[in-house]
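Labels A, B, C, D, E and F are assigned to the chains in the order they are written; within every chain, residues are numbered from 1.
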Amino acid sequence: MPVRGLVVGRFQPFHKGHLAVIREVLKQCDDLVLVIGSAEESHTEKNPFTAGERYQMILSSLTDEERARVHIIPVRDVNRYSVWVNHVESYVPPFDVVFSNSELTRSLFSQAGYEVRKTRAYNPRMYSATEIRRRIVSGERWEHLVPAPVAQMLRAMDARQRLLASGAKPTRARRRGRCAR
Amino acid sequence: MPVRGLVVGRFQPFHKGHLAVIREVLKQCDDLVLVIGSAEESHTEKNPFTAGERYQMILSSLTDEERARVHIIPVRDVNRYSVWVNHVESYVPPFDVVFSNSELTRSLFSQAGYEVRKTRAYNPRMYSATEIRRRIVSGERWEHLVPAPVAQMLRAMDARQRLLASGAKPTRARRRGRCAR
Amino acid sequence: MPVRGLVVGRFQPFHKGHLAVIREVLKQCDDLVLVIGSAEESHTEKNPFTAGERYQMILSSLTDEERARVHIIPVRDVNRYSVWVNHVESYVPPFDVVFSNSELTRSLFSQAGYEVRKTRAYNPRMYSATEIRRRIVSGERWEHLVPAPVAQMLRAMDARQRLLASGAKPTRARRRGRCAR
Amino acid sequence: MPVRGLVVGRFQPFHKGHLAVIREVLKQCDDLVLVIGSAEESHTEKNPFTAGERYQMILSSLTDEERARVHIIPVRDVNRYSVWVNHVESYVPPFDVVFSNSELTRSLFSQAGYEVRKTRAYNPRMYSATEIRRRIVSGERWEHLVPAPVAQMLRAMDARQRLLASGAKPTRARRRGRCAR
Amino acid sequence: MPVRGLVVGRFQPFHKGHLAVIREVLKQCDDLVLVIGSAEESHTEKNPFTAGERYQMILSSLTDEERARVHIIPVRDVNRYSVWVNHVESYVPPFDVVFSNSELTRSLFSQAGYEVRKTRAYNPRMYSATEIRRRIVSGERWEHLVPAPVAQMLRAMDARQRLLASGAKPTRARRRGRCAR
Amino acid sequence: MPVRGLVVGRFQPFHKGHLAVIREVLKQCDDLVLVIGSAEESHTEKNPFTAGERYQMILSSLTDEERARVHIIPVRDVNRYSVWVNHVESYVPPFDVVFSNSELTRSLFSQAGYEVRKTRAYNPRMYSATEIRRRIVSGERWEHLVPAPVAQMLRAMDARQRLLASGAKPTRARRRGRCAR
C-alpha cells in the first residue's frame, strides 16, 4: 500500500532547507504532494514571487526521478481556517500523512483525522526565506542558500528589483544575540 | 532552447482522447503544462469530480517518464475573461505554445502574444467527457473510453452514484443523424 | 445525551410543508438547527425574499416553546460543494443528525460521518415553494398553503409585486397528468 | 407595537459583560437580534472560535425564556462599510433600535435612519474578550469572567491549545497605570 | 439647485437608442451619471465587450459639451440585490433621479427613497443591443443602428470575430409576427 | 495621433497636489484617464471617503474644459498584482502613457509594454493626503491644501466626524527634522 505525504509551504523563494525537507519526506513516503500556499499572492513584501515562478524554482531544483514523485500544486488561500482542510483536499490527490511544524496546520489536519508528523529543521536561522529576501534586497551574499538553478533564475529576473518594487527595504542582519540581553 | 506547451481542460473525467492530446503535444515540446480548469467545481452535473480526483486520474494514466515532463496544475475559474491570461500566467511556470481548439482560448492567448496551435481531434463524438458521463449514469458501457486506471478509480468511488447526486439523469444516446432530418 | 437535528431549506417562502417537517424533527430530537440556505440571494425569480424576511416568516410561525428549540441560522452559498460541509459546520452549533431528502446533501454529510435521515414528504405537489410563487404571481389562491402569519407578511409587503420585479411571470398551473404515468 | 433591538458583537469568547448587555436590552425591547460579527473568521489570534462555537456559547448561557426572545444570527464581514447596513438588513428580521458604543456602527446605522442607543459598559477592563483570551493563554484565572456553561465548553475544547494554535502568545497583564512608567 | 440623473445600462454595444436616452435625460437634468453595469464581464455571449471598450464607445459618441455633463462610471455586479443600491451609491457621486424602465431597478431605488422616472423607448425592436449583436454575427447590416464612431470602433476591432469567440452563433432575424397574436 | 495618459491615485482626499499633477499631465497628453484606486474602500482610517465622494471632489475641482478631457474611473482593488494590469485595462478606455512615481506601478505597466513617465512632486510633505487627514482630525488648519470646492464638501459632510468614526486619532504633526538627512 503506497503512502503519500503532504507538505505545505510558500517558498518565497525556494531554498536548500525546503529541498532537504522534500528529500527527507521522500524517504518516508512513496510520493509527495507539495502545496505552494498563498498561490495568488505576488509582488508583496512577504510574497514577492508568483506561484508560477515558485513552481519553476522547485521544478528546476528536482532530479527527473524526483519530478515523477513530487506533485507540485499551487493552492490559493481561503482566509477561513474552518474550511481549509476541505479546501486543500479538493485540490490535491488523496494523501496519508501531513508533514508540518506549524501548530495550526498540525491541529487542523489532525482534527480531520490525518496522521501528522514533524520534520527536522535545517538550520532555520540560515535557511529562511525571510533572511534570504533580506540578503537579496540588502546586497549581501545569498546565492549559497538556494539551489543553483534558483540562484540563476533569481539573478535572471533581477530579484532585487522585484523585492524593492514589492515594498522591501534594505536592512542589516539581526544580530545573533538579539533576544538575549 | 527547450519549448514548453500549455494545454487547458476540465477532464470530467480524464479519457483516452485527452491522453492522446498529451502524447501528441509531448512530441512537439520538451515538456507540458496541463491546466485542470474549473478547479474549484465539483459535485455539479458538468463538473462532478474535484480537482484532486481529476489530478489523480491523470497521474495514474501517465508513465513515470511522462510524469516528469507533464506539470499538472489545477487553476480555478476567474469568470472574467479580461484577466484570464494574467491569471493563468500567475499560476504556471513560463510556457511558449498554447495548444487549443477553442476559439476563445486561442484568441485571448494569441492577443497576449503567445503562439497558438491546434491539436488533432480524436474521434470527438466518442472520446467526449459529456458522452462518458451520460454512459456512466445511464448504465451503458464506458470503461473502454478511459485509461484503465481511471476506469478502476471511477468504479471504486461509485462514479454512477456521484453523478446522480450531482444532478445527472439517465438518458439515451443522441442519435447519429440528430440534426440531419 | 441530547440530540440535535439539522435541516436545510431555502424557504422561498416558508410554507406548511416546512412547518410539518420542523415539527416531525422536533419529535425525534431535543432541538434543531434550521439553516436558511442561499442566504445572500434575494430579488431573483427563484429567491425573491431576503434571508431576513425568511427569518421573520419562520419566527412568526413558531410557538414560544418552539422558538427556544429551533435555531434559525442563515448561511450563504459557497458554490463549492467540496467545502460545503466544513462551511455549514463553521456557522452552526454542533449537530448530530441531518434530515434531508436531497441525494447530494445526504451524500456529502454522510461521507463526512454524520447520520442522515429522510423526512416524510407533505403533499409535495401542493406544499411547494415553486407552486406557491407561481400562484402568487398568477393571482391564484395561495394563502391556505402557508402559516397565517406568513400570509399576512406576504400580503403586507405586496409579494406579487416583489415576484414580478424579481422576474417571475404569471403562468397556468402545470396539468395534473404531467408527471403521472 | 413591539420593539426589536439589534446588538452586534464578535463574542470571542462570550462573557458576562455580553450577557449583561443582552439582559439590559431585553428590558428595553420586546425581542433582540444578536449579530455574531466576523462570522467566517476562526483560528486567528483575534477570532479563535468559529461562529458555530460562539453560537453554542451564547445559547448555553441563556434561559429558555430568553432563547425565545434572542435571535442569534451569524453575519460574515463584507469589508466594505459602504454596503454594511444593507448587508446586515438582508440577513436579519426587521429591527428598530441599534444598541452600540462603537462610533462607526452608530454613525452608519444612524445615517441609514435607525434610532441608535448606547449601552452601559460593564467593567470593560475586566469583562473584555481580549483580556480573557490573554488570561486563558497565559494560564491565569478566567473562569469567573464567563457564564458557567461557557467555562465548561472552553475547558472541554482545550481553549488554551486553540488559542496557541491560533497564534496567541502568553503575556503578563498590562499594569494598571499602563502607559504611565 | 442642480439636479443629477442616474442611468444604468450594459451598452453591449452602445447604440443610437442609448444616445437618445442620454440626450432626453440631459434635457431634464443638469448632469448625468451613466453607470456601465456588469463592468467586469467581457468575452461572453451577452457581454462581449470590456467596460473599457464600452467606455470608449460612449465617449466617442458624445460632443465635448456632453462629455463635461455625462459622468461615465463602470460598476461591477454584486449579484446581491439586497446591497445593490448601497453598492451603486458608494461608486458614484450623489444623484437625485433614477431613470429606468426596469421594474427591479425602479423598485429597489424607489424603496431606498429616490425619485424614479421612466424614459421613452426608442424603437426597441430595432435599437436593441441583442439585435445588433445578432446582426453583426450573422453578417447583416448593423452600422446604421450605432453612432458612427462606434461603427468605426467595432469594425476596427473585428467585432464579428469577437462575438464568435465569445460564443455567439449566426441566426436569422426573428420574424415580425412572432409576438403578435 | 492623440495620446492618452493614465494616472492612478486614492485621493483620500483630493488635494492641490493631485490637481497639479492632472494639469501637468494634460499638457503632455490629449486626454487623461484618472483611476480612483481602492474604489470599494471607505470608512477606514486610510480610506475614509467612498469612491463616489472622491469622484465628486475631483469633479467639482475641474473646469468644464477639463471635465471633457479627464475621464474619472473608480477601480476596485484586486489584491493580486499578477492580474492588476489586465484588471485596469478591462475597466478603462485604451491609454498610451502611465504617469506614476510608484516603483511597483511603474514596474508592472512597464513590463506589460506601456511607456511610463514620472511626474513632478508638488511639495509632498504638505500636499499629502495623510497629512491633510491628520490635520482635519486634529483640528488644525487644512482648508488651504485642497481646492476650494473640496474644502466646502468636507466641511458640509463633517469630515472630522467621519475620520474619527473611521478610526483616526488626533496627533501632533511630525517634526520637521524627522526625516531630514
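To be clear about the criterion, contacts are C-beta pairs under 8 Å (C-beta built on N, C-alpha and C of every residue); 3 or more make two chains touch, one makes a residue touch a chain.
All of these numbers come straight from a predicted model, not from anything done at the bench.
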Other chains in touch with both subunit B and subunit E: C, F
Pair sharing more residue contacts (C-beta pairs) when E-F is set against A-F: E-F
Cα superposition angle of subunit B on its copy subunit C, in degrees to the nearest 5: 120
Interface copy of A-C among B-F, B-E or A-D, judged by whether over half of the contact pairs recur: B-F
Gap in Å, rounded to a whole number, between the CA centres of subunit F and subunit D: 37
For subunit C paired with subunit D, centre-to-centre distance based on mean C-alpha positions, whole Å: 28
Distance from subunit E to subunit A - Cα centre to Cα centre, in angstrom: 48
Interface hub residues of subunit B, defined as touching at least two other chains: 40, 42, 50, 80, 82, 89-90
All pairs of touching chains, each written as two labels joined by a dash: A-B, A-C, A-D, A-F, B-C, B-E, B-F, C-D, C-E, D-E, D-F, E-F
Subunit F - residues contacting subunit E, complex: 39-40, 42, 50-53, 55-56, 59, 64-65, 67-68, 71-74, 76, 89-94
Interface residues, subunit B side, partner subunit C - complex: 40-44, 50, 161-162, 164-167
Residues of subunit F that touch subunit B when the two form their complex: 78, 80, 82-83, 85-87, 89-90
Subunit B contact footprint on subunit C (complex, rising order): 80-82, 103-104, 106-108
